[in-house]
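Common to both upcoming complexes is chain A, partnered first by chain B, then by chain C.
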Partner chain A sequence: MSTLAPAVSEQLVAPWVEWARRYTRGRRLLEAGTYALTEGAIAAGCRVFAGYPITPATDIAEYMSKRLPQVGGYYVQCEDELAGMHACAGASLGGLKAMTATSGPGYTLMHDAYGWSITNEIPLVVVDAMRVGPISGITGAPGQGEFYIARYASHGGNFETIVLSPSSVQEAFWLTIDAFNLAERFRTPVTILTDQVISDMWEDLFIPEDYDALDFVVPRKNNLMMPFYPVGSADLDVPPNVIGHGTGVCVSAYTHTEEGYDIEEMEAQWAQTYRLINKIRHHRDQLTRYETVGVEDADVIAVAYGANARTVKTGVLEARRRGVRAGFVRLITLWPFPDELFERDVPYVVCELNYDGQLVREVMRSAPDGKKVRFMGKSAELHTVAEVAAGLEGVARTGRIPELPYIWTEVR
Partner chain B sequence: MNRLAKKYLRPSQIPTKACHGCGIGMIENWLLQAIDEMGLKQDDVIFGTGIGCVGRQTFATWGGDNFGATHGRALAVATGLKLAQPDKKYLIVVGDGDAASIGTSHLIHAARRNLGVTVICEDNMGYESTGGQFSPTTPAGYVTNSSPYGMVEPGFDPCDVVKAAGATFVAETTATQWHQTVKIVKKALANDGFSFVHVRFPCNENFGAYALGTRDTLKNLEWIYEHTQGRKADGTDADFTWETGIKHDASNSRPEFSRLMRDMNARVKADMKAKQK
Partner chain C sequence: MTAAAKPRTEILISGFGGQGVIRMGQILGLAAIKQGHRVTMLKSHGTETRGGYVRAQLVISPDYVDSPVVENADVFVAFSAPAYKKFFDHCRGKILYDPEMVEDVRAEGPERHVAVPATQLAKERFNNVLFANMIMLGALTRLSGLDYEAMKKAMLEVIPRFHEQNLAALDVGYTLPALIPA
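And now, the complex of A and B:
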């Protein structure tokens, strides 16, 4: 697989490295990212999809409408995205794994349900196939504008979120199963923040033959007794609550007690917040997935995620060919943000698909010297290999990114 | 505590935080009477609410499983929940804001799908928990805290909306009609499909005080009663009339939503099996 000289270290840290090694019997297909996202969900045991069609996530809805009835599941085409994610939350509360898929305009509408699902610790998976914006933007062009929106996917604060981003069709398949596993284990919605290129792109895809034999899939369990909300605890693997089993569970939008009763007291607010934040913060070691190339001896490190990481990685290799000791960090887990990947005190060049600069701000915050962090923003189109190589070469040799058309470097 | 409350509700969650003289507790008691007369148990019924007076005062009072959705979304949640738990009865107890304003799109589409739930729209004719602003069910011309010169917009009748959308049971009643309401709720719960029961009740603290000029519960109930009769106590005509009773009864006349979905799945499975042979 590797196109690198053996001297360059390459590392992929993600649970599917082992999954792919263990499960080798199956079909090899030429398929789209939306297909991989759908099949990953089915393999993970998803049995409800409720959503509203939107480019470039529509194909997920169409694939789901065909696949779910075949496995005894339900496809619901809702009146809007608000209904879509709330219906998913309802299905998950009833004991079925559920997913919805959308793009930016729908993702913002879902934040009502997103906050409700966070507070009530409802496992769900949300796919956001980002396109360039703001608002409708260009429906067929990729963007990376929801990096922060995915982190702050509800109003009110006092929560952490889990956000993953694939950079190939194959990875979209495994990562979707991983997203479902994390949703179950952390009792929270998980966003798969993908983009128009990964969604629409057709690539080589391996699908294991028997989904029932995948022993790494975390099955749905039901919490049948109090406490329904272990407020004040950061415990993982608490079974999700279930409505319809006569437990007397209470689910609401309010700050709650461990029974789920609404309460207006500081102590209760604190205990709930402790749980929602620390069940994620205290287990960050189980959440961080990433890829690196040659970071140990690099003089400059490029940072990217999603589809854009594909050309950025090639740009890093091109820079190395030109004699620049360049490294590469591809984030797969975007949130909680993996600060530990930016421990080396070298210049980082953050390449992302927006001009406002989002990911770059987190790299500035976590790097030893934020002043050494450079930004290469582009809009509606992936960075070219030449742009990335020129940027890395410029930073390595002069400390500056050269003037390049369509590349913005200012972060305010 | 009365017998029905002891049998069905949570002692720790009642009495509710409702204001003195509020109709919400009384109507909930009538719902319990209907549930009891149908022989339903706590585990048979899932209780869903929204936001506002009705959501806040009824949430978690029910002894069985409860959910309190964000404003307007109770029916969206119920749409997914019904697929996972199709054999339960659903009481979706919401206000006029939830049903007739912020959540109307879900109301319409739940009716269209014939989702197997009973919506009890407890209508206090305005947004009373936020201090008494008008809603789409506030009678035209009436003064509220956001219509100080009288409500100039026309309202609408949510019963007409859900009937047009395909609801299979639609009824209207008020907080002055105890036995009629119990009978209607029993019929609504017996429909394996979308049932809508619109129950008007007085808010004394806001609608009563600002629109009717009194916080006296009995006077406000009398105002409601007069409008069910079209005549005031002094024999003159009321300014408008609410026609209460069953508006539309097509109970069990078409398949319920989750049944349709399961039937389709059975057909798909059978076709797959036939192809394999």
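And now, the complex of A and C:
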């Protein structure tokens, strides 16, 4: 379908805008998102993949099993996802960049390892290719059910997470490198929250010819000196610990001292929490990535992320063609949540691939008037352009989203 | 930067698993990329691949493709009766169908329907139905005015074996008398 929208401002805020401009020599391919996620990891210097295959992330494991031996890395097929992520944590503590990949049913199994990696400040990348649920749902259909699970990826509280979501195969490549960079700089696991459409979809993909020439890749540095954990600070770029080099680093699940030893003191609990939360909160300016279209003059703004952001964006342009001043916000950084993108006091229409309403709750919290925030939930299939345009037109003209089959609008 | 009108071509290919629907889309997409276009291809299928329903949705555009969903196909290739039935309403352009697979076509829009006896020709010429998808791709290339040389190059890159037969099959489709304007 061609849209005839009048020209409208468009902005993409992400480090790969500059990367793509600087690196133009390479190959143009038709490849899947799983391929792009794999190559992005290899380009970022990932040398260990440990995991357990699951649709729609299986191809990442398969590509990794082929690619890692070619670059001197290691592929480990584990007995389950829990073991997979723990093996990655071990590999990262041993000095190598590591990644695992799964879908929702495996992602929830990783939460013990996720908590370990957060509290021990172990850089890692975890891909969750979301499919519709609950639990196994439909293997070949997209969902966005792990928005909050990715935020609260461990029990016990007292932490922040970094979660990024790509909306194209090309973006999956650059964003994976970005995820590894952030994992290193912030010394924490980073989740790439993608979905079945992006991981399975084939799309034109530019791959730079020489990964070694990518000067923006943050290299792995190792911390061989005390203190191993800079508790009480919010400093970035503190290199992670390394074991096996006579460092005697102590790694445990307990609240720890700067040397990593268990401690049961209020002061230590405060210092550790201060660091785990504020090393991320104090540096949000380095973490927020997003795309906007025409938000300055919009009377209604559609909000989305991941695969369905693409049909939503086309829906916004279609609404504009119909005379509705519609805007568009696509989140790339999901967590920490970019509150500042929702400062305009206009109705927001949040489109996400679940019926319970997850992202919409954060927009309700951030927007000047939460009562003006509307929800268009769909499940197992992308929103169509027609649905989004009808929703935006409805809100702009009557203040309501019209009744549409398979669209859920209630948030409780 | 501005987001304005973006011309796009939507192609929908559907049939049973094993007919080479995805391969056909892959070659078509790669040929378009080689000519400098942007391409998306959604592929969907049931849990089982062989024998189950398969669909490839391609969008080709000079600019970045926002929505990868085919809602109004410019070309629809129907390789099975269930596919024809299921996706007829998603197409506003030409419908290429294999008459051996799709026996009953709707009465409406006869000028939009093009019968390409790909399965029959594959059996006759190559004694193997596996070449039906390349015959169909040849026909689609002719009908849509796509670059035939680019298509051949992309095919050779995508398909690892049987290059001669596949080239011949493309040619059978590309030179179908019914598709060549008098």
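Throughout what follows, the second predicted complex is superposed on the first by the 405 of 412 C-alpha atoms of A that agree within 3 Å, B and C clash if a C-alpha of one lies under 4 Å from a C-alpha of the other, contacts with A are read in each partner's own complex, and residues count from 1 in each chain.
Assume contacts are C-beta pairs under 8 Å (C-beta built on N, C-alpha and C of every residue); 3 or more make two chains touch, one makes a residue touch a chain.
None of these values were measured; they are calculated from a predicted model.
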- Task: Using the superposition on chain A described above, determine whether A:Gly140 touches chain B (first), chain C (second), both, or neither.
- Result: second
- Note on the structure: Across chain A, the partner (chain B or chain C) reaching more residues is B
- Message: In the overlaid three-chain picture, which partner chain does A:Ile401 touch, first (chain B) or second (chain C), both, or neither?
- Response: neither
- Task: Please indicate which partner A:Met99 is in contact with in the superposed arrangement: first for chain B, second for chain C, both, or neither.
- Result: neither
- Task: For A:Ala113, decide between first (touching chain B), second (touching chain C), both and neither.
- Result: first
- Query: Which residues would you name on chain A as touching chain B in one complex and chain C in the other?
  - Reply: none
- Message: Applying the document's contact rule, which stretches of chain C touch chain A when the two form their complex?
- Response: 1-8, 10, 25-26, 29-30, 33-34, 37-47, 64-69, 71-72
- Note on the structure: The answer for chain B against chain A in the complex is residues 10, 12-13, 42-43, 46, 51, 56, 59-60, 63-70, 73, 76-85, 88, 105-106, 108-109, 261, 264-265, 268-269, 272
- In the complex, chain A residues that touch chain C: 1-12, 28-30, 139-140, 168, 197, 200-204, 293-294, 310-311, 313-315, 317, 382, 384-386
- Listed in rising order, chain A residues that touch chain B in their complex are 48, 50, 69-70, 72-74, 76, 78-80, 82-83, 86-96, 98, 112-113, 115-116, 243-254, 259-262
